[in-house]
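Below, subunit A partners subunit B and then partners subunit C, in two separate complexes.
The block that comes next holds the complex of A and B.
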């Protein structure tokens, strides 16, 4: 094939590829069409419209721990949520108990079941991190987000709400011997189940003075 | 040499005297990778009822497709007696470039201009990035006589750093259904990544077995000085080979990114080791000049099946690394004892 024709052919292929590869727009038009994701607003909306109403469906922690000891698979299959595959699963739980200790990072609670003590749990009051609350609800669909950063920011904002709105009023009043009612999220490992040292990320905390 | 034993390309010079004595009536050394794969599959199908299921086997094929692509490039390099430690980082950078351009395009505020990329454009940009980095590796190795190990080790760090800079350390997700089809779609009942690896392997086999540059690759690995004296432009061939390896790392990066719908800044870590393992287990000599693409495919299959089997058998990830390392060592020892690794 003669060189000029060959070069023309190369040019045509290049032009075709380039034409189908890029497009041009005015930057301000693009910016106007893509408002930044408001994770804080989404988290507040989720808290008010999905999480708080959903607390009524939380699993009773005493019943859950009993079921975990007798039929682990059923407990995980019926009461836990998680986004992906893996052994880490999240539960939305509720319960009542008596405060046995208050320290800087957590409040220890002895669970009460029909007047009987039924084990101890820890209510986290300082280190509120992770995705437990977001994922335990099972009410957020990852596919509704365009990227994982936005999705993770929602979790961070939910944790911030807990740190700012749930924990301070509780922490300022709670004392040893108080009777508390709680709703919250817990994380359990299906493969390495540990039910004797459960930490609860609180969503709702109520104190009933004795 | 018996009539029924046909040496594979490049095998002639070093194995002629040994193969018949070692192999007896059946050429075990020639089929050792295939036999190993068969025995591995047999053992796993007995030990796990989930192994020999369609869904699991397709899953294995999907997973090894990426390794096959980068291992094909690695084979070409190893055949020239080189090595490329940067494929994992190049894979991550190319995946990130592709995802970043597809998702965010390029903004030029001073001109109030936004350059958007279609899926084709983003893929081409990713592929060109991989090719350019590979070409740079080849250029550094040939122009400055830097040992391939050192040059590609430097590129490993550079490419990883560039990936972090490009992504800001965050994953880039939400790349659209068209792009996802590359990593998760099916075509004629076969996953698209498997089709891609089939095409890559077919082109590489054609390149090594049917073209002049393929013969040059074997010749350079067999004896670089003799090749140079024979008039082969060794530097040019090496740059081409490293460029191809970079392009194939980019293909792997695009497949990984598409499959996850996310470009992860830490993607591809230790992929170079899986790739080298596939090449070595597949019978390619690390001293160059001998080996085959199909052998590497078998090596990648063995590594993939082994990974899958260890997961199915619930073996701890720490032990998985130990087992994989021992398998690679065993492959090299067997290769040496057969006179192939000389």
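The block that comes next holds the complex of A and C.
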């Protein structure tokens, strides 16, 4: 084989190897990971297709608190969810009661059970933060996320929906003495259980007509 | 004759090969599997605790284990990984020195068939490690942020002291905190500086910030060592009574300081849970499981004056 052709062939092989050995990617793209993830869209979809239809399966809060007092393990095993591991677990709950106080951060409600009062809870109207609503239904699978910031952002977007859609129409009308029904999520610590000061992050709030 | 020699050489090669494989098989059947525990630094008691708990769990599950100290040096960490792979370790429980610099070590081990389970610190490459078991720093700091807003009554000037700027935990904590606090325009951040998770540096940073901003109401620190440093500076300036200090970690001195009313709150991490989960995942891997979550968050709990009696350093009271 003539020398020039041989060298040309070597050069072609070398170029091919070099081309396939190195590739360039923008650092921003690499660091962004799943930058294309649409947390707001995911949250809206979750709200419409999983959370709202799933509210019918929410646990009655009176029944839950009774079970927590008699068989804590059963209550947590059967009704709580969390994406991670640890003591913090979340419950999707429903209930009804009479408003006893309205302040800038929350609405206090005295629960009603079979015509009898059954303890007080707080409906959060100001501090809508954390993972309670995202995790409580158990409808989100952690393996669907490769990036931890993505599922943090999902929580933030769900909480934003609550702040925009659930709280304002309720807060503008609610007053002491109103009878309300609610669906929402609560956070409880499995190791250090406190059932006498439950805060509910609302998903659905209704004021019953007198 | 020549062919006969070739046949003999081939025969002995095959015999040697079979013998070698048999020895290897015998060794892997008789000896317990080995787990390497590679830790970023053993100079920090928090990481010593993490390593010891991982070692104890591995032993309880019936495995041999050895702790390697990377001394916060990625090159040393690479040596440990090379040694672990060459020495036939079957899994690595890993606390990385650098979220980016440690990726190559993880990838090399996994490529060599050695699963890697990250503990507490993550590497910035999705799917590189077999699984990453990490404190949910973001959510923990959401809880701290909420308590911060409540105790400052939605208004005032505050300072944020960050950890190492190259560490993911620094930013996860900061982002979680700001995801709440930034909703309140009455809360104004007058300074944000790094003190590298170091107590003395935090004291110096706080002293210098107090020169420019003597009228602050709160300080959020990315870890407890820095919270203690900031508190020391506030004591020296005579402002400890007025300024509310918040930390993150669940270190012994901060738990005690919360009891004494010196520090307002911290986020309690659970290194034992992370270490035990990592060792358990390794055990499940050996038994054939492969579908591990890419990242497994471990809940962080808000510790404050009214619940501090439930907690001790690095976790719950026994």
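Basically, the second predicted complex is superposed on the first by the 174 of 210 C-alpha atoms of A that agree within 3 Å, B and C clash if a C-alpha of one lies under 4 Å from a C-alpha of the other, contacts with A are read in each partner's own complex, and residues count from 1 in each chain.
Please note the rule applied: a contact is a pair of C-beta atoms (placed from the backbone, for glycine too) under 8 Å apart; a residue touches a chain by one contact, two chains touch by 3 or more.
These numbers were taken from a predicted model, which means no experiment stands behind them.
Q: Figure out whether A:129 sits in contact with subunit B (first) or subunit C (second), or with both, or with neither.
A: In the superposed model, A:129 contacts subunit C only, not subunit B.
Q: Based on the superposed arrangement, let me know which partner A:98 touches: subunit B (first), subunit C (second), both, or neither?
A: It touches nothing on subunit B or subunit C.
Q: Is A:63 touching anything from subunit B or subunit C once the two structures are fitted on A? First, second, both or neither.
A: In the superposed model, A:63 contacts neither subunit B nor subunit C.
Q: So which one touches more of the residues on subunit A, subunit B or subunit C?
A: On the superposition, C touches more of the residues of subunit A.
Q: Using the touch definition from the top, say if A:148 reaches subunit B (first), subunit C (second), both or neither.
A: both
Q: Using the superposition on chain A described above, determine whether A:17 touches subunit B (first), subunit C (second), both, or neither.
A: first
Q: Under the contact definition given at the top, report the residues of subunit A touching subunit B in one complex and subunit C in the other.
A: Dual-contact residues (subunit A): 145-149.
Q: Which subunit B residues qualify as touching subunit A in the complex?
A: Answer in residue numbers: 103, 105, 107-109, 111-118, 120-121, 124-125, 170-174, 262.
Q: Which of the residues in subunit A come into contact with subunit B in the complex?
A: Listed in rising order, the residues of subunit A that touch subunit B are 17, 20-30, 145-149.
Q: Quick one: which bits of subunit A touch subunit C in the complex? Just the residue numbers, please.
A: 31, 33-34, 82-88, 127, 129-131, 142-143, 145-149, 152, 155-156, 189, 191-192
Q: Under the stated contact criterion, what part of subunit C meets subunit A in this complex?
A: Checking each residue of subunit C against subunit A gives 122, 124, 126-127, 134, 136, 138-139, 142-143, 145-146, 149-150, 172, 175-176, 179-180, 270, 273, 277, 291, 293-301, 307, 310, 316.
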